[in-house]
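Note that the chains take the letters A, B, C, D, E and F in the order they are written out, and that residue 1 is the start of every chain.
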Amino acid sequence: MHIDSGDTTWVLVAAALVMFMTPGLALFYGGMVRAKHVLGMLMQNFFCLGLVSVLWAAAGYSLAFGGDNAFVGNFAFAGLHHAVRVAPAGFALTIPPLLFMAYQMMFAVITPALITGAIADRMRFNAWVWLLTLWSLLVYSPVAHWVFSPSGWANRLGALDFAGGTVVHINAGIAALACVLVLGRRQGWPNRPMPPHNLPLTMIGTGILWFGWFGFNAGSALAANGLAVQALVNTHLAAAAAMLSWLVAERAKQGHATTLGAASGAVAGLVAITPCAGYVGGMAPILIGAIAGIVCFFAIDLKHRFSFDDSLDVVGVHLIGGITGSLLLGLFADKSVNPAIVHEGLFAGGGVRLVWFQLVVVVATLAYSFLMTMLIIKVLDKVLPGGVRVTEEDEEAGLDLTQHSEVGYSLLT
Amino acid sequence: MHIDSGDTTWVLVAAALVMFMTPGLALFYGGMVRAKHVLGMLMQNFFCLGLVSVLWAAAGYSLAFGGDNAFVGNFAFAGLHHAVRVAPAGFALTIPPLLFMAYQMMFAVITPALITGAIADRMRFNAWVWLLTLWSLLVYSPVAHWVFSPSGWANRLGALDFAGGTVVHINAGIAALACVLVLGRRQGWPNRPMPPHNLPLTMIGTGILWFGWFGFNAGSALAANGLAVQALVNTHLAAAAAMLSWLVAERAKQGHATTLGAASGAVAGLVAITPCAGYVGGMAPILIGAIAGIVCFFAIDLKHRFSFDDSLDVVGVHLIGGITGSLLLGLFADKSVNPAIVHEGLFAGGGVRLVWFQLVVVVATLAYSFLMTMLIIKVLDKVLPGGVRVTEEDEEAGLDLTQHSEVGYSLLT
Amino acid sequence: MHIDSGDTTWVLVAAALVMFMTPGLALFYGGMVRAKHVLGMLMQNFFCLGLVSVLWAAAGYSLAFGGDNAFVGNFAFAGLHHAVRVAPAGFALTIPPLLFMAYQMMFAVITPALITGAIADRMRFNAWVWLLTLWSLLVYSPVAHWVFSPSGWANRLGALDFAGGTVVHINAGIAALACVLVLGRRQGWPNRPMPPHNLPLTMIGTGILWFGWFGFNAGSALAANGLAVQALVNTHLAAAAAMLSWLVAERAKQGHATTLGAASGAVAGLVAITPCAGYVGGMAPILIGAIAGIVCFFAIDLKHRFSFDDSLDVVGVHLIGGITGSLLLGLFADKSVNPAIVHEGLFAGGGVRLVWFQLVVVVATLAYSFLMTMLIIKVLDKVLPGGVRVTEEDEEAGLDLTQHSEVGYSLLT
Amino acid sequence: MKLVVAVIKPFKVDDVKAAVQELGMQGLTMTEVQGYGRQRGHTEVYRGAEYTVDFVPKIKLEVICEDGEATSVAERIIAVARTGKIGDGKVWITPIDDVWRIRTGEAGSDAL
Amino acid sequence: MKLVVAVIKPFKVDDVKAAVQELGMQGLTMTEVQGYGRQRGHTEVYRGAEYTVDFVPKIKLEVICEDGEATSVAERIIAVARTGKIGDGKVWITPIDDVWRIRTGEAGSDAL
Amino acid sequence: MKLVVAVIKPFKVDDVKAAVQELGMQGLTMTEVQGYGRQRGHTEVYRGAEYTVDFVPKIKLEVICEDGEATSVAERIIAVARTGKIGDGKVWITPIDDVWRIRTGEAGSDAL
């Protein structure tokens, strides 16, 4: 195995960047909740860095990348056994295998963190700890195996997902929906105003997310080559175009282009380009981004239409954005950008086959993740003393005080 | 063309770092305005990431780097046509050409963003959108062509600008002045106190800017070599020395060394070292930084002397800092640091020739950018319904509410 | 000397990341003090970037890495003389020597910055400037020489410190204690409540620190190889495990897992893994982190037991965490991870020799740093007009107003 | 003229505002305050240090009204702001000598 | 003794403070409040959800003065705080039984 | 019924609260205010621009009590809040017509 120092550096950096996205997400979400819940939100996210990392080393990595079963990994790499020297089957790496483990670890950390946006302000911290443990091992690792492992059935099928459109965004998005359905709405929603308490904090998070996403998407090339460059360019342009299209839609519908809209649009574009990043080129990322921006802008209204309190729009942005990107990839995937593509997209002359494969994997992810998450959270609600939701009084008083015995701001002492 | 994975990684990272500077700048400025304008400021900056990126891919890159005309590019790379495989004429790259496009894109984004500091709190968002579009294509791209493209007249002349002293800082700084002259002063300035509303936010921005500037300056080597290292060292030392000299001046004049002064000094040093970063060595960066810190400290008083409301001192820091650096380069440019230098600086024994060339390019940039910006903003003021400036009531109520229908903070819900 | 572009990129990035840690530390600490002292805290930290960088170029680097004396460097590299082309004796670098200087500069900057957490809210800024100058040259450089320079006695002894457990954390931690003993307690401590004024700010800082620490530890491999990867993985897992163990201890003792606890635990783990990062493997980082989390959680109570006001727990986290890591390395150091190890740890079959060497270096650092710091601060207290501590009224009014003539927040204008 | 002052739980503000409006009052002034009373505060913990916070966030509302309206305004507020749990707050009435509308200079009833 | 209370637009604070000072008042106390009245609030939009905010930021000033000065203080405030637009605010006067200066314990006029 | 109002230095709040409690008062309401008076404010400097801030942060406490208790409450506050330095603040008493406890509807003394 040849180790290239340039490639190694790029993936080291990419791993660091993806790690940084979880604090970024914490701030992005943290600014959007009310002040009394800000630490609850930050904590749910930062805690993923602690718990999921250890679980990943212990078993999660092995369940995702060990062995060559089509549906789930094995325990060959459990406890990082062999992980220093042996790459997972099917990978021809030019980086140390342990770095692949580390890079994937950061994905495992941020994926469940995405869910916290939907369940904002009302889950007991204790319940989150258990949900996180079970979801990480029983949902994330298997789905990652399907799609990212060369032996996974989705990967074998020829479906494409460059950096986690299904594994990360659809997976977390549909899990978020399941959680919300069990948890119920925040008290007072949708009548009581629940404006973001600190939008500058959200914008800090947005900046960090955008920055980190270069590691997320371009790092997925696992080398510092033309593909990584294409992925970085696609990522940036899709975010930019989605920001614009979201703002245009917003301006047209409500008369103002908002700061939160700019941030939301950018994230929608980043989500949609994630599966496509290393498979499309030219102006396609701008198109994909622009479509995602508009689609997600209208999708965030679903929760009002169907009356489920997806508090910070994880369904509208990550689930719908992820589906949008995964399906558009069926149209735009282009062998001239990436020769590893087996079936090209419709517009590149590959017919509808790829669209169909993409759809199959999307539906399978939706079904598996939804049902498993539903099962997990319903069991937890039964089994945990006090259930998964905080009491009415605690919700009123805020997660910060009741779950963590802290307050976010004491500006006047 | 040989692609080096180490160089590619470095420029990938540098591009990401320069991207991160725009959110950093947003926070740097955002903390300095009053609370009711914070989102307006953040939005003007983040919006550059959306709009300018798309414009750059569509035409801006081509106008800056296409063809071999001395004054402006052509449309050869428009819509990213050929940009994946073909490097602009005159570049011997060891990185994928598309990465050069991406890296330069981040410069195109942040340059107009610098202007927002001068026009704080009083421009209609709609006007900003148009100003940004026109300025980006009609001012930024041509000036970038002059200086950065090997076929540009300034480049051919032998004038030096390593990472954008003229293209970025002088260009944005003088444009800021033109905008301010047309827009007029904020209501109540200079009598009504307008203290920064959130200096910790400004310090977050300062940290991000400093961090990102390593990508800006050291990335401009376009390779991971000794030159990049020298540029990084120069960047850091100039920022450090300028922080110190600004604080000393401030302490001497007003009795206190302030936090905002530390941040401002560092930025002044970063600005001044930008043109010099790959052309000077030894203790020269410390000298350049120290001079810039003092010069800019006194330059921020110009606005009071001449009564123009350059709200957050874009003229004082970027224009004067950029000129200081560009001219000092005429003294310090040193072939032993960078053999690509044609005419050495005065102190390196090259005579006054380089000083003279630097002056020519500075003056040309000042003249072109000032006149074009003036033209653009005056036309916009005529053409746009409502002109470029918000109404008195809207200014009083704040950009956040009136332009974006949002408020920055709701700490008490 | 062969320069590898991949290695060069990695250390360029690592230097940038370590630079970014100082602003991160500023925010981490800044959020924990009361609102009226926030700028004082930010300033003390940012100022290190200015002052220490210049001192390092002028003399500090040379005192740490010049020559081959066992106890202290010489002036061979003073003013960066020769530093561009000549690596310090004993280093076989694959990166430009000047980059080594830059990378080490960032360590020299952040180490004294750690002290600010202990002396929060009561030191005159003027005194900090002097303390910083003297400490940097008289304490940091010599101790760095002992441990990091191949000619240093600790290095020759065979004691291990991969990235600064002794040089950075123990050194700063014990110096912090010395400062606190001279400065005395904050007025009202421990009876008056002094809650953190802005925990989201602290969490931003935590995210940046964690991110930057990858540069700190994995960058210390000075190359993009398997060792760097192992160091990155160890760093991340130790932080994660320490977060968990701190939270478990906290929950057990006081009934709540707090956000500040999560941040503190992560930092404790990062501190403890610092000396070990390139010397241990497998699940050892999880063990080391978990132990450090618990040890530091209980160590922060020392200040109450012994009534010294280590305001933000520099002793509890950095001193005790650093000692914990340095000694545990005596148990876990493993030649199969890093063949450069001379004496293996106890558990790897190397007997108690390494434990003993580690202990010797820890004690020597404690003794030297404590005595020198004590001397410096006592002399300053005598020599400086006004001494080292602010007046009672100024402490009450806050460092922001009295030392810097600024306020952190003006949210209501 | 009378000034009716109410210290209430923050989440009751909208209901009370609506109720006062229904009684024909055209305006009111609201202040964020901290209340201390029978209702317990809470405990915060930062790195092991426990702080007891006795004050609870409350909202103070002030309504100027005619002498004859004061009691009914007070009673309406009491009815709407009540949750029955400790900490619901107080309502009191104080006399006012005179009141003016700044915009017009109108005094007394016309000022409201 | 009387307490003159004024609820005014925030940007008028400095002018009013100066005017009151000119009348010989040595001090005043200011509170940030939220006003509800004829002046319309504004609408905020976050990801499509529109919130109407009825309250408008105002400043409340309190000036203690001699019985005889109260009306002239009130009139002066009215004159200076007026912009003629809706939302200029109210001024009212309430009786005070007694007042002390904490520093010295002085009571009545001497306390001011 | 009387309302005792005190404007004091912020760091005296806990002491005053304790003192008032010792006198048997069951509650009080606190507001963050800005005071202007003999005590000088401070100067801030931002990039060379100097701003003088005249207002000083103060805390306003309001205690409702029986007519007979008002003076002793006021005196106790004066004693405890005093530092002897300029800016210690003021205490004043105003009449109250009636007071109710929202939770129970009790009026007068029973409301306290």
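The criterion applied here is as follows: a residue touches a chain if its C-beta (ideal position, glycine included) is under 8 Å from a C-beta of that chain, and two chains touch if they have at least 3 such contacts.
Quantities reported herein were computed from a predicted structural model and do not represent experimental measurements.
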When each of A-D, A-E or C-D is compared with C-F, the one sharing over half of the residue-numbered contact pairs turns out to be A-D
Higher number of C-beta pairs in contact (A-E or A-D) found for A-E
Subunit A to subunit F, mean C-alpha position gap in Å, rounds to 52
In whole angstrom, the CA-centroid distance of subunit B from subunit C equals 33
Listed in rising order, subunit B residues that touch 2 or more other chains are 4-7, 9, 13, 193, 195-196, 198, 204, 208, 254, 256, 258, 260, 405-407, 409, 411-412
Flagged in subunit F as touching 2+ other chains are 31-32, 44-46, 94-95
Per the touch rule above, subunit E residues touching subunit F in the complex are 1, 3, 17, 26-31, 64, 94-103, 105, 111
Note: in the complex, subunit E contacts subunit B through residues 11, 42-46
Residue positions on subunit B within touch of subunit A in the complex are 3-9, 12-13, 15-16, 19-20, 22-24, 26-27, 30, 38-39, 42-43, 46-47, 49-51, 53-54, 57, 79-80, 84, 95-96, 98-99, 101-102, 105, 125, 198, 201, 204, 208, 400, 403-413
Note: in the complex, subunit A contacts subunit E through residues 190, 193, 195-196, 250, 253-254, 256, 258, 260-261, 264, 297, 300-301, 304, 313
Touching subunit F in the complex, subunit D uses residues 2, 6-8, 31-38, 54-55, 58, 60, 70-71, 74, 77-78, 81-95
